[in-house]
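The following block contains the structure, expressed as C-alpha cells.
Should a chain be cited, it is by its letter among A, B, C, D and E, assigned in written order, with residues numbered from 1 in that chain.
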C-alpha cells in the first residue's frame, strides 16, 4: 500500500470555505428521548472530520443524520446549502454493524458490484474495478466468498470496498476499523488518507480510538452524552502527509491525545 | 469501578499446573479450506490468555473450538482432560457479532435473565442479580431497552453481562471491547481483571489491540494466517494488580508491544 | 339454417333423464340429425346457471329448482318433459327412521331431527306437503341437510332421527339393519306431476325451434323405450352415470313423459308458494314453450 | 390510536367506499346481469331484511362460533406440531412426510369421511376446520424454526438450555412474526372453511344462508351473506393485526 | 432403519390398524372402505385412462390458476410491503375481500365462464392471491432494515431495489408462501370440481360417491394426496437448488 508523497492540497482547517454539510441547530428525539440536542456543525468540502465520544453518546445517530437516514426533529441538515430530505448517492456510509449491511446472498464480488450496477457502470468494466477495490481493502483472493464465510474484519473491509465503489463526494464512516487488527488498521488508515488526498472526498469518521482520530483528522470533535451535544472541538495542525511512526511521536500529537482523553474521562464521570 | 488492591493470587504463567483447556494437535477445515493447522495450546485454570493475529487468521475459529461450537477435523480439544463434544454451561462466550447474539424480542433485563433462568435461579432473586450485572457493565438505566434501541457498545456490554450471569469457569471473549470508546474500554478492562481476581475464572481473550492484550494477559499468543497456527508466545510478567497509567509506561510493556507489533507486521507481509 | 345441430344436455346422475340417455345410446338423436353430448352435473341446482352460461343448451332441473330459478329472474323455459311421479317413483320415496325410533302416525315426526338431501328440494318439499296434508305443522319438525351418500353413516351414528330418501338407499339401509321405513309419503301423496323436465334459455329456445323439434321427437321415442324396456334404460343410466349396473337395477327408472302441461306446473307453484319458497308471481304461460 | 393512524384508516374506508360506488355503477349500468350481480343497494336491503326477520343473526353467530373454535384448535395443533417438527429430527423423519401427504387433501373431499367418523356434529366441523386451517401455522412454525439466527442457537447451546427452553424462549419468539402472520392467514382460512362446511354438510351458519340463497337464485340475499362475511373477515383481521402489533413491539423499535 | 423407510412407518401402521378395525366391525358404510378395497380400487383406476385424463385436467387448472394468482399476489404484496401508505389505504378493501370464500363465487363464475378450465382457473387464481399477498408483504416487512438503508443510500431505482434487495432477501419466505399457495390451489381446484365443474379429479370423486363406490372415492382422495405430495416435493427440490450455496453458508455457522 502506498503512502502519499506530495504536500497536502487541503487546508488543515477549512472553516473559511462554504460548508458542504452543515448541521443547523439540529435536535433529534427517538423513542421519546432527546438523543441529540441543538447541534451546530459545519463540514467544509474536502475536510476530514473525526467524531469521538463515550459509548451511547450519539455518534452513530449524528452520522445517520448526515446521511439523510434520519430527519431532525428540529433544525436542519444541509448539503451544499440544500436541506437533506433523503439519502444521496454521492454520500456513502460504512455502518458500524457490518454483519447486517451486507447482502448475505451475494458473494464479496456481488456485494461490491451492487454499487457499480446502481451507478450504471457497464458490465465489462465492473470486474476490473471490483478487483482493484478488493485489493485496496486487502481482500484480493476472497471475492467468491459469501459474507457468512468471512471473518468480522473481512466483512467490515468488504463494506468499505462497496462504499468506495460508489465514488462518493462524502464518506461517512462509523467505527470502520473496529474489527481490525493493529496492522491492517494502520494500513487501511493510510489507504483512506491516500484516497482522500487523491480524490478530495469529504470524510466524517466516527471512532473510539483517540489516536486514530488525531492521526486521521483535520479536526476532531467530541460529543457529550445525555443528550448528545458538541463538547469539544480541536483543530489538528499536524503536517500532512502523516506517518504512522513519526506523526504519532510528535509532542503536539501527544498533547492532543491527553486533551481528548481528559475530555472523555470527564464526560463519563 | 474498583481497582484490585491485593497482590495477585495467580502465577503469571501457569504451565506447571494441569491444563484446564487443551488443544492437542487441532486442525479444522471449513468450506474445503484448512483454517487451523495442528494447533497445540494449554490453558491453565485461572490463566488469562490473550490471542492476537491479523484479520482472518483464525482467532474466532479457535475460540469457537474452545467453546465446543466446532469439532476439530483432527486432533482434540479437552476440558479438564475430557474431550469437548458439546458446549458446556460453565464456559461462556462473548461473540464478536454482538448484534446477532442478543434476543431482539427481549429487553436488556430479559436478555440477562435468560442465563439466570437457564441456570435455575428462582425468580425473586433474579431482579437484583440483573441490576447488579447491568451496573457492572455500565448500563444501569437501560434495563428496559430493546437491543435495537441501544448503541453498538451498549449491545456489546449487554452481551458481557449475560455471560457473567452464567458464572462461568471459563470466559471466552471475542473482541469484546471492539465497539467501545477508550474510557469505557479501560474501565471494563479493569472490571474484567477484578472479576478474574475475585472469581479465579479462566479467560481466553481475542483482541486486535496489542496494548490491551499485554495489559490484560498472563500470556499472549499470536496466530499466523493461512492456515492459522501459533506463531508467537509471550509470557507477560508484569506485576498485578495492573494500573492503566503506570503499567502501560513500564519498559517491559513497551518492549512487549514492539515485539508483538513486529510479529503482526511480519505475518501480514 | 341457423339451427344448431350439436348440443349439450346437462343432467344429474339419476334415472330422470333416462329418455335422453337412451336417445343417445340408441342413436335416436343421430336419426334426427342431432349430435348430442350428455354432460354429468353433480348438483341439480347448478343446472340453471350452466344453461345460462351456455355450457349446456338443454338441462334437466327439478321442478323446484326450475321454478325458483324463474322466480329469481332467470329467463328459462321448459321445453319438454323428462320424468313424472308415478306409482313406481312414488313407492321409491320414503322417510327412513333409525333404530330406536318408531313412527306410527305423521305427528310422531314432531320434534324429530329429519335429514333431507336438499332443503327446499324435491323430497323435502313433498314431505312438507305430506305433513301439511296430514295436519302436522312442519315448523315443529327440525330439518337439516344430509346428502344421499352420507345418509347411511349418519343414520347409523344417530346424528339424525330420520332421513328423506329414495331407492336404492332405502333397500341398502334396510339391509344394513340401520333402521326401518317410517312413512311411504310418496305413495301416500300419490301424485303424477313432473319431477324433472328439460329446460333451455328462452333466448336459445326461440332461436332454435327446429333443433327443439328434433330434440322433442327423439325424446318422445326414448321415453317409450324407457317405460317399456327398463333393461335398456338401466344400461344407458349405468353407462352415463358410471354406476355399477347392479345398483342401477335395484330400482326401476322413474316414468318418462315427454309432454308437459301448464296445470302440472301450477300444482308445484301452489305448494312452493304455500311453503314461502317463491317471492314473486310466476306467469305460467311464459314458463312452457311447446 | 394516534391521529395519523385514524386518518389512514379513514382513507382506507374511503377507498373501499369508492369501490362500492364502482360496484353500484356496474349494477346500475347493467354491465352484468342483475340476476347475478345485484347492486349494493339491493344487497343492503336484503341484509337489513335478513336481520330484522331474525334469521341472519343466528346464522352469523353460528359461523362465528365455527370459525373461532376451529381457528383456536388449528392454532394450537399447528403450532405444537410445527414446533415438534421444527425441533425434533425424529418427528421430521417419521411424521412430516405423512403430513405433506395430508396437506393437499381438499377439505371438501374429507367432509364425507369426517361425517362418517364424527357424525353430523359440531365436533366434525371443528375437526374439518382445524384440519384445513392449521397448515399456515404449521408451515410458518417449521420455517420460523429453520431460520432462527444460528448465533442464537449457539447462545442456547453454551447456556445448556433444555430443549423445551430453546423452543419456548428462542425458537418460538424468533419465529413469532412468521407464526402470527400464519395465524392471521388461517383466521381467514377458518372463516372460509366454516362456510364450506356449512355449505357441504348443511350446518347452520352463513354458509348455509349463502347456499340456500344461491339455490333459490336470490342473488341479493347471497350478496348480503357475502357482505357479512367480508365484515366478519375485516373485523377479525383487524383485531388480529392489533394483537400482532402489540406482540411484535420489539420489531418496530430501533433503526 | 434405512432413511427412506422412516416416513413410511406412520402411514403403514395407520393403514394396518384401519384395516383391522374395518374387518373386526364388518364395516358397512357409503363413505368409508377398508384399505385393501381402496388399494384395489386405486389399482383399477390407475389402469383405466380416466384417472389420467382427470389428473391432467385438475393439474392444468391448478397450475394455471396458481401462476396467475401468485403473480398477482406477489406484485400486490411487494407494492404493499414497500409502500406503507398504499398498504394502509388498501387495508379495508383487502381484508374485506379476502375472507370471501371462492366457493361462494362459484355460481357467479359459472355464469360468467361456463363449465371448463376458465372458470376453475379464475377461482383458483382468486384463492391463490391472498396467501401470496399476505405472506410476501410480511416477508418484505421482515427484511433487515439495514439492507433497505443500503438501498436508499445507493439510491437504487425502485425496480432495482425490488430486484436486487427486496426479492432476494424475502425470497426464502416468498417461496414458502408459494408452496402454501400451491397446496391451496390444488384444494380449491378439486373443491370447484366437486361443487360444479364436471372435469378433473373432483368430478371423479363426486361420480364415485354418487355411484356409492366409497372405495373408489377414497382411492381418488389418496391419489390427490399423492399429487399434492409430489407437487410440494418438486417445489422443495427447486427451492434447494435455487438458494444453493448462499443458504448453505448460513447453515455452516
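Definition applied: a contact is a pair of C-beta atoms (placed from the backbone, for glycine too) under 8 Å apart; a residue touches a chain by one contact, two chains touch by 3 or more.
Being a predicted model, the structure only gives us computed values, none of them experimental.
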### Summary
Interface with most residue-pair contacts lies between D-E
### Task
Could you find the chain whose CA centre sits the greatest distance from that of chain A?
C
### Task
Go ahead and note the Å separation of the Cα centroids belonging to chain A and chain E.
50
### Message
Taking the mean of the CA coordinates per chain, how far is chain B from chain C in Å?
### Response
85
#### Entry: Gap in Å, rounded to a whole number, between the CA centres of chain E and chain C
36
### Query
Taking each residue of chain A in turn, which ones touch at least two of the other chains?
31, 69, 97, 100, 149
### Overlap residues in chain D, where contacts from two or more other chains coincide
112, 115-116, 151, 214, 253-255
### Task
Would you mind listing the residues of chain E that make contact with two or more other chains?
29, 31-32, 107, 111-112, 146, 149, 194-195, 209, 249-250, 252-253
### Query
Within the complex, which stretch of chain B touches chain D?
67-69, 86-89, 91-93, 95, 97, 100-101, 103-106, 114-115, 117-119, 146-149, 166
### Contacting residues of chain E [partner chain D, same complex]
3, 6-7, 9-11, 29, 31-32, 85, 88-93, 95-104, 107-108, 111-112, 130-131, 134-135, 138, 141-142, 145-146, 149, 172-173, 176, 179-180, 183, 186-188, 190-191, 194-195, 202, 205, 209, 217-218, 221, 224-229, 231-233, 250-251, 253
### Query
Which of the residues in chain E end up touching chain A in this complex?
144, 146-147, 149-150, 152-157, 160, 164-165, 168-169, 171, 243, 245-246, 249-250, 252-253
### Task
Enumerate the contact residues on chain C facing chain D in the complex.
45, 48, 65, 68-69, 71-74, 115, 118-121, 144-147, 149-150, 153-154, 157-160, 277, 279
### Message
Help me check something: in the complex, which residues belonging to chain D touch chain C?
### Response
34-35, 112, 115-116, 119-121, 201-203, 208, 212, 214-219
